[in-house]
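Each chain gets a letter, A, B and C, in the order it is written, and its residues are counted from 1.
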Amino acid sequence: MSGLSLEQVSRRSGDRVLLEGLDLAVAPGECLALLGPSGCGKTTTLRLVAGLDPCSSGRILLNGEDITHRPAGERQVAMVFQSYALFPHLDVGENLALGLRSRGVPRPERDRRIAAVLELLELTPLVRRRPAQLSGGQRQRVALARALLRQPRIVLLDEPMSNLDARLREDLRPELRRLLCGGEPPVLYVTHDQQEAMGMADRIAVLQAGRLEQVGGVRELYTDPRTRFVADFLGRPAINWLPAEGGRVLGVRPEHLRPQAEGGIAARPLRREWWGHQPLVWLETPHGTLRMLLPAGGELLDYLMVGWRAENELWFDADGRRIDGAGPWRQQGRARAV
Amino acid sequence: MSELALDLLLMLPALLLLAAVFLLPLLRAAWLSLHASSVVTGLVAVPNGGANWRRLLGDERFLQDAWQTLRFAGVSVALELLLGLALALLLHRPSRGRGALRALVLLPWALPTTVMALGWRWILNDPHGPFNALLSRLGLPTYGFLTTPATTWLATVMADVWKTTPFVALLLLAGLQSIPADLVEALKLEGAGRLTILRRLTLPLLAPWIGLALLFRLAQALGVFDLIQVLTGGGPAGSTESLAVYAYRQALRFLDFGYGSTVLMATFALLLLPGLAWLLLQNRLPRRNA
Amino acid sequence: MAPRLSRLLRRLFTLLAAGLLLLLPAARGAPTAAPVIPVRVLLPAPFYDATVGALSDFRRSHPGLDIELVRGPLDTDTIADLAVGSLLLGEAPYDVLMVDITWTPLFAAAGWLEPLEPLVGEGVLEAMEPGARAGNAFDGHLWRLPFSGDTGLLYWRTDLMARPPRTTEELVSISRDLQRQGKVRWGYLWQGRQYEGLSCVMLEAIHAFGGRWWNPALGRTELERPAAIKAAALLDGLVRDGISPAAVAGFAENEALQVFAAGEAAFLRNWPYAWKVIEQGGGPVVGHVGVAPVVVAPGQEAGGTLGTWGFALLRGSPHPREAAAAIRWLTGPEMQRRLAVEQGYAPTWTALYEDPQLQKAAPLLKAQRAALAAGPLLRPLTPLYAQLSDVLQRQINGMITGQTAPAAAMAGAQQRSEAVVRAMTGAGG
């Protein structure tokens, strides 16, 4: 089997469980984003794959070969750190050369490959600068260059863009994809930013408290979340939650709420903010505050009724697991005006 | 008020304090070094031109002590740096009981020098010290560690190394901890071995800390006094006497303050050397941002 | 600037002292009716311990007067530092200072001491053994009264020989025999560390061959003379031939005493205090130790180095008369009787040596008197003594640790001593 696969991988440090029984497969050339809040185990996973920390149990396979106990230096991993981890005492050229040198790549080949990657990333004029003399974006490009020079079998990216401003991040996504994804090595991309995950990854694995919640395509996770956590974590503005009988909860995304003439829930608009060109309306209802994303140009009255289509309902049981085929939602008691 | 004037005004109290505790005694010593002031003059300072300085240049004992002081400082500081670095690297590795180990290693440094020197003097005593007692019990002849110039000198170096290596190790440990872990990991992922990481990454980034340790230790070792005074008294036959001990003898034992101040000023000039070297090095090296 | 600074320091010191004095009555509790004048005396710890018990006698016999003893450090060098440090500040917080015999000319020349003869009378020393009178006057004034008449002595083993050796040759041959028979490991123990004790040993050796260290008339040392070279050769030979251990090069009084008390040697050169220490130590030689004058070359007079402490009055004491009374008492016959019995210190007063009761209670008395009568040896009586002694110590210590031969060591000692005298007296004196 080709690509990277993790089988029942766990990591414990003292009494703390950092990762528990993770099963994950990444195909060659596929970019898989590890998404989750801080402390969820995504960076731990990356470090285990890199070989920087040992697995407490489980196996890591690369193209069918067990690399669980391979030293980090032998795994042929390229890793881009959140801090970029550029060597502050060396200039750009030396930063790129150090790894090649310690792997014993002869001088002429070294020079040739460095020149090529400098050219590719438009770093040639900066070759004699030290990291402290570079901008954030330039540093990130140096870190990328170093990763490319590794000729990796696995590519690991640990929040590689979190130190850049939002605009730059968006601009860089296609470049990052072009350079790192789609080749032979599988790519693991750690981020806490769902926008970035959705923009970069072919598939997303959502982690929480050391466990895998769900893994799947971007659309799949959005439209068909298997747990309440995934539904809640993905999608902005965040999903609305409506309590139902038996401890169940109903999730309805803000863009699926809409004003309707009749039926539904009585609501009073509290305030309105702009979500891009769409107005986001905060509604006071008998079931709590709801968020409704209106189509562009939508009009609002002082009092209104809101509803949604049954097919947009996402039902979860008391343990946060998805229930298929429940609903539709019925209002408990009589609707009362607010 | 210009900014410079304000700066100076704000610094004035600190400058005054420095002048009072540091500059005044120094100026006084410099002034005294141009005077005869001893029991022969009834402790009154009588100008004697550069007689003290001329005497210094022809003073075999001063030259011998200067050489001995340099040799002591050079060898002990070099050893302290090597051992301190090794110890720091060892303490930096994550291991069980690291905190306790760190505290333990610091113990020698926490001990007052005089106590430490007395301890070594007793340990090396011929014939009653524990070391010689052991030799006796093994049927071997006892050895006069503190009565043979070569071994006495080694004993002073060893005692100094024993006491101050923890200080160097602590300083370098702080330096090691200031190196971001991901730099080391990044190089490790590149396939670099431990030695390469040490040589290409750790040592270059530790350089400012090593420089700092060197500065502290050299200044201290060149002014060594209490260790020598207590452990060997400068003996045997003056073979371990340091400049500071000589200056002290001249002033407080012989009550020759004129010449004592001269020796002191010469010692002070020697102490300035590492400081000056440091300043030069700081200006020479390109600024780095670790 | 300098005098102003020292005045400032002096004021600060006075202020501190005043503050302490204000606190004192409160600490003591009951106020006394008449003001008591305290005389503050700084002395080394062993002498403090030896004398503090007798203070109540003083208070009884001197109403309106009190002695406050200040227990200084144990070590001679350290107490010198303390004394010199406080004297340099100007007003020392003491009235009376206990000084070693070698400090007297130095401190007197520095102007720190007050002459005693106007306060205690010119003839005060006349009731003392002649040998004990030396070393207290310098430059025509009396600067201190001696606390004891201690001289260097030869300790010998009564269980190993019938009588002590008189000459250096006897000492060497007895030592050899005993060592050969395996009765002792070493023959003769002395002080060879680079410190003042070595100067005392060397002084005795120089005189043992009829020479002298210092010519006071010419103000120069005589260390290049044959007697001094023979003396150096004697000490060198003792170590080379294994009669003394090589370790003597690191021995001060106590190290030598301990090896002797452990029964490892036939002879020991030490001061009177060693007797009590050995007897009370309970080692294998207790009851087998005799005391004799130090050995000399055939035909020479025996004499040990005079190594006494004494009390001096500090210049600027606010009540010199009372301080003088305290000095008289501290060095008086009653104190010395007590110290002879309890510590084995040699008295200075002739009357004590002739007291049959004391003769019984202090077995060393006879040997001590003989040593004083033989004319004890004085170290050079000059303010430059500390430098001269330092030179000699370095040379002799270098010789016995094998770095130079005796003749070269003494030539070096002479040359360096002359350089010291030249540098010091040529520099504006």
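Keep in mind that, in the parts below, contacts are C-beta pairs under 8 Å (C-beta built on N, C-alpha and C of every residue); 3 or more make two chains touch, one makes a residue touch a chain.
Note that the structure is a prediction, hence the values are computed from the model and not measured.
**Student:** In terms of CA centroid distance, which chain is the most far removed from chain C?
**Tutor:** Following the centroid criterion, the farthest chain would be A.
**Student:** Per the definition of touch at the top, where is the C-beta contact count highest among chain pairs?
**Tutor:** Ranked by C-beta contact count, first place goes to B-C.
**Student:** Please report how many Å separate the Cα centroid of chain A from that of chain B, as a whole number.
**Tutor:** 55
**Student:** So how far apart, in whole Å, are chain B and chain C when each is placed at the average of its C-alpha atoms?
**Tutor:** 36
**Student:** Rounded to the nearest whole Å, what is the centre-to-centre distance of chain A and chain C, using the mean of the C-alpha atoms as each centre?
**Tutor:** 87
**Student:** Which chain B residues qualify as touching chain C in the complex?
**Tutor:** 24, 28, 36, 38-43, 46, 48, 51-52, 55, 125-128, 142, 144, 146-149, 233-239, 249, 252-256, 258-259
**Student:** What does chain B use to touch chain A in their complex?
**Tutor:** 180, 182-183, 185-193, 196, 200-201, 204-205, 288-290
**Student:** Enumerate the contact residues on chain A facing chain B in the complex.
**Tutor:** Result: residues 50-52, 72-75, 77-79, 81-83, 85, 87-89, 98-99, 102-103, 130-132, 146, 150 of chain A touch chain B.
**Student:** What does chain C use to touch chain B in their complex?
**Tutor:** Residues 1-2, 5, 77, 80-81, 84-85, 106, 109-111, 193-195, 245-247, 249-250, 255, 258-259, 383-384, 386-387, 390, 394-395, 397-399, 401, 403, 423-425, 427-429 of chain C touch chain B in their complex.
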